[in-house]
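Here the chain labels run A, B, C, D and E in written order, and each chain numbers its own residues starting at 1.
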């Protein structure tokens, strides 16, 4: 799993149907790498979270059929990033 | 998932049969990394999209048997890349 | 698999239910990359461990339904990191 | 998927049985990263190809039991690499 | 797949049961990245090998239940690394 910070919710014009109804969030790592994850936890911008990848990401989103490879697993309490 | 920009459609001379009929697009990340994804959404060159990897990529392409590990999931509205 | 050093246990405020009861640890590689892994082995901060990724990570955590993509597989005896 | 250039066929002394009879090729990305892929397409050294990873790689090799995580999917016509 | 050089066998103090009886080897890439793989081939330190990742790694280890995401697939004859 990875530790990432929530940046903003994505607004999509065209999208596949099986993405479901969870918000898609843009997140960055401490080193600035950019990711997109499904958010079943209800995070706010600025929250530090950990994310779950690949097959476990689909279960984490609540339905094996959902089209995701990265899902927020929880909000980390009081995370102190190094490179800030 | 990742945020990538569509660059161009690939033209293939030899190819496997189970790739199906969706176009294959070359895409780059904000930092210049190069990827190839199947495109069931109908993107145009220059569009910013998010892509879905691994097992979910096959479902995203519409058929579990399709040979893909990366598929376009949707077009992002009004994305402002940092490194441009 | 990767060789990582255990840094600290994560404290979570909101989290998904199917994460189970194993502790989640923050770990870093020799080059400073940050990861989160489930810990069924009972590591202490500072231990050098190897981690197992993806589908094998779920079995390593003891239950295929657990939401993890990285699990500690064992503690390495007397590991001498290069970049320290 | 990735865009890689075929460098040479690997010659193996000891190997697992379930690798089958397809050639294993060494390939590099535009940035010089080194990979090994199964080649069911019949590429020549110097060809630019795209490769398929993980579970789809096994189907791409023609048999789900084959031991591969990367398989050549097709030859790209007239690819112009940037960093050369 | 990747091309890696075998460095040494790992000695473990605590470990999960389903790791089986194959040795775990530390390996490095030409660029110095560090990995751990199961070795069903019987490599010696210094051998250049190719490794198989993820689900195929478990089959490569000889048993789908083994806890591995990276397994040695064969020894490469006469490999000439660039960065040495």
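In this text, a contact is a pair of C-beta atoms (placed from the backbone, for glycine too) under 8 Å apart; a residue touches a chain by one contact, two chains touch by 3 or more.
Quick caveat, the model's predicted, so the values are computed rather than measured.
Here the chain-to-chain distance from chain A to chain D, counted in touching steps, is 2. Touch-path distance (fewest steps) from chain B to chain D is 1.
Overlaying chain A onto chain C using CA atoms gives a rotation of 70 degrees, to the nearest 5. Computed centre separation for the pair chain C/chain E is 19 angstrom, with centres defined by C-alpha atoms. Chain geometry summary: the mean Cα position of chain B and that of chain C are 32 Å apart.
Counting only residues that touch two or more partner chains, chain D has 54-55, 57.
Contacts between chains close into a ring here, every chain touching precisely two others.
Here the chains make one closed ring, and walking it from chain A through chain B gives A, B, D, E, C.
Those residues of chain B that touch chain A in the shared complex are 1-3, 29-30, 40-43, 50, 52-57, 59-60, 73-78.
Across the complex, chain E meets chain C through its residues 10-16, 18-19, 24, 26, 34-37, 54-55, 57-58, 65-70.
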